Amino acid sequence: MTHFLTTSYSVFVGRLLLACGIVFLATGPFLLDASGMQVMTEFMLMLVLALMWNLLAGYADIVTIGQHAFVGVGAYAFFGFLVFGEWNPYLSVLMAGAVAMLLAVPVMVIIFRLRTAYLAVGSWVVAETLMLCAGKLSAFGGGSGISMPVSAVKQFGARIGERYAHIYWLALVLLAVVFISTWLLMRSAVGLGLTAMRDNEDGAGAVGVNLTRSRVLCFLWTAPFLGLAGALITLQKLRVAPPASFSITEWTVYIIFIVLIGGVGSFEGPVIGGIVFFLLREYLAEVGVWHFIVLGPISIVIILIEPRGLWGLLRRFVPGDLIPVSYTPSALKGTKTEKARSLAASTSDVLSQS
Amino acid sequence: MTASPLLSIENLSVYHGQFRALTNVSITLGAGEVVSIIGANGAGKSSLLKTIVGQVDRTEGAIRFEGADLRGTHTADIVRSGVALVPEGRRLFPSLTVEENLEIGWEVGRRGDIGFDDVYRFFPVLKEKRRQLSRELSGGQQQMVAVGRALLANPKLMLCDEISLGLAPTIIKDLYQIIPTVRDRGISILVVEQDISRSLAVADRFYCLLEGRVNLSGRPADVTHDTVVKHYFGL
Amino acid sequence: MVEIWTNQILQGVLLGGLYALFAIGLSLSVGVMRFVNIAHGDLIVMISFVLLSLTGGLGLPTLAAVAIVIPISFVGGYLLQRLLLQRVLGKDVLSIILVTFGLSIVIQNALQGVYGADIRKVGGGAIETATIPLSGNINVGVLPLVIFISATLLIWLLDLLLYRSRIGARIRAVSDSVATADLVGLRSARIYAIAMAIVGATMAISAGFMAIWTNFDPTSGPSRLLIAFEAVVLGGLGNLWGTLIGGIIIGVAQAVGAQFDAAWQVLAGHIVFLAIFLTRPQGLFPKY
């Protein structure tokens, strides 16, 4: 009885924390100063990237090391439409997503011919190629990049504080759209199919789930969101340059750490990982490159001990998902059924006593 | 048979998840014996062999080989202690030549008096094809390589899992012909077969499995064919 | 004009020798263990830094330093497989990708922490500048030629090892099926570790040549990995001679690209790779 109460209590607390987080995000610009808003904007954009990498690696079985390609392409597209095309600023942001999605088609044709680790490195080759190509665009300053003209920047707010708030709202909207739509996707037939695939590839094939189609859909799904994030990142950084806009470290390596630490294959994982990562970054910033050396072994140890990350660890004590998706991480299945059984047992105890 | 049998299985139960594949099976095999395990599809014959070579995790009871409990020992170490398996479906290394496949048996096994010449005398066709990749051989020839590989390990005990499956009668005859010869060289053999008559013809003793339990055992000469068939099908 | 292009292509072929050297170890691990070690390039760069310490710090001759590093890398490869990679090999593909990726990040940043971010090079002595004039303006550097011949020799040796030796047969057996290997009594974990030790030794050799011929810094690993990967995929997975051809193709593409514009060198290599890959995804000389 008490067991039953405490375990559902933990789900309740978890959801409460989640709700507090949402409220905090939704009121951020009223609470935070300029630098606080910048950090939170960065957090939200990183979370978008993490959710997308997680969708591919955790559900669709596509591990890429090239997701920075779409971020960079989005950045360059946004810059092009806004500065050279002099398009409406919002339309320019949207176009970043559109261009990224268009580009996803040929990229997919290339890398879907590879599987597993070959796909991972193949996606990296593609990203590297696109970055080098971006470096050949002389209008965009070639290899050294180009800053956004002041007039273009001012379209998003004349004063700094106003502009930061503006970018913050855009990032929040993007995060909300990504989060909710991806969650809905995972609860749809596509998500169910991918879940079945992760649990048992043959089984999924047998119930008629078209795995290739689902994987293609997921890949195309992530590209526009990555492109949109790239546009907003550019608004924050106020310049495009091949190594910065296509930064493998920031838009892929960090993201992989976030998802890995938090827990791949769940919605809670990237959120937890993002928070942990930003906390670690704040506290480990002064130790320079060594914070990578801390992150590296941590992630290797996580894979060896608890492949489902921090959320996997927590999930041993929490009986349900905070953000329920049909998908149950297969590593946790044993514990889950045991929990269910003990739950059932405790309930029947209560019944027989009464 | 002997005071301390080479292989003794006592009250073995084996589980695949929730499913119990074997229940309280007890089997002994003495040195120099040929023992046959018969049973229909799904009677638990393969589970028995898999358990002996350490491929099943959940077991109850004991499996003793030369007195030592094999449970929990890694497959490779069981094999190295003198148990050679002719696995179901041959399972050769397709990208290795016939000779290389045989060499692996020889190198991994214990040194003994069965050498390449013996194997090539048993199966002359293998000598001709020794430089060919094993995947280019016919099914029967592949089975010969699998048997040869096991023999070259000079095991104390050879386990044969359905060696006649899917092969032409003449080839089955060739394969079964070597069993008495091998036994005379001091190797005990456990033959697992669906084919009752073939298997009983070479066996000193036999066990019949039905739904994971031994329901008949003895010497082939002491039972009628009818009795065996009845127990085989559980009639 | 013809002379310029001939020269450029020749230089590209020789450069391909170096690339093939990077790729041999990767080709072996792809062919035998069926996984891509994402830290492959970083391990090579790490060995180059060790060479730098041995030659610069301790003042050893380069050749002696390489001779010391080869057995160390051999043992290092063995331990890496035994202690880390083997633990994730049987798990899902995500684990093996992420463990080697994590390793790559650790190595890059540890090197940066120890050696700083500067671009380095190891002195090779007179061989660096020595050339053999062929005809007219075509000269062949002695060092690139030595590297190309070494790459060919190494591939020949590995091919012998893999197809004509006992350990080679065992390695191929485990590569065919770990489960069957267990059933006949092969200790697959040990055999994999030996294979990785051989990979380690090839890494040391390529690190030695790379350190003399090209500049490197702590973050050079990924670019080496990508080139090695391209050579392996172009040649056909698991085909060592194919890997040499793959390396040559990338080398020539880069050399020809650089002839148009120095900045196009690396990009030309990637573009040629992608173009060939699109038409022949299984590689030019597939083995499986």
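Which chain is which? They are A, B and C, in the order written, and residues in each are numbered from 1.
What we mean here is this: a contact is a pair of C-beta atoms (placed from the backbone, for glycine too) under 8 Å apart; a residue touches a chain by one contact, two chains touch by 3 or more.
In this text, all values refer to a predicted model and were calculated from it rather than measured experimentally.
Here the chain at the heart of the structure, going by C-alpha means, is C.
With B-C and A-C as the two chain pairs, more C-beta contacts join A-C. Distance from the chain A centre to the chain B centre is 54 Å, each centre being the mean of its Cα atoms.
Chain B and chain C have centres, each the mean of its CA atoms, that are 45 Å apart. Per-chain Cα centroids separate chain A from chain C by 33 Å.
Touching of two or more other chains is recorded for no residue of chain C.
Those residues of chain B lying in contact with chain C across their complex are 53, 55, 74-77, 79-80, 84-85, 87, 91-96, 100-101, 103-105, 107-109, 149, 153. The residues of chain C lying in touch with chain B in their complex are 166, 169-170, 172-173, 175-177, 180-188. Across the complex, chain A meets chain C through its residues 57, 61, 63, 65, 109-110, 113-114, 116-118, 120-122, 124-126, 128-129, 132-133, 135-136, 143, 248, 253, 256, 260, 264, 288-290, 292-293, 295-297, 299-300, 303-304, 307. Chain C meets chain A in the complex at residues 35-36, 38, 84, 87-88, 91-99, 101-103, 105-106, 108-110, 112-113, 222-223, 225-226, 229-230, 233, 263-264, 266-267, 270-271, 273-274, 277-278, 281.
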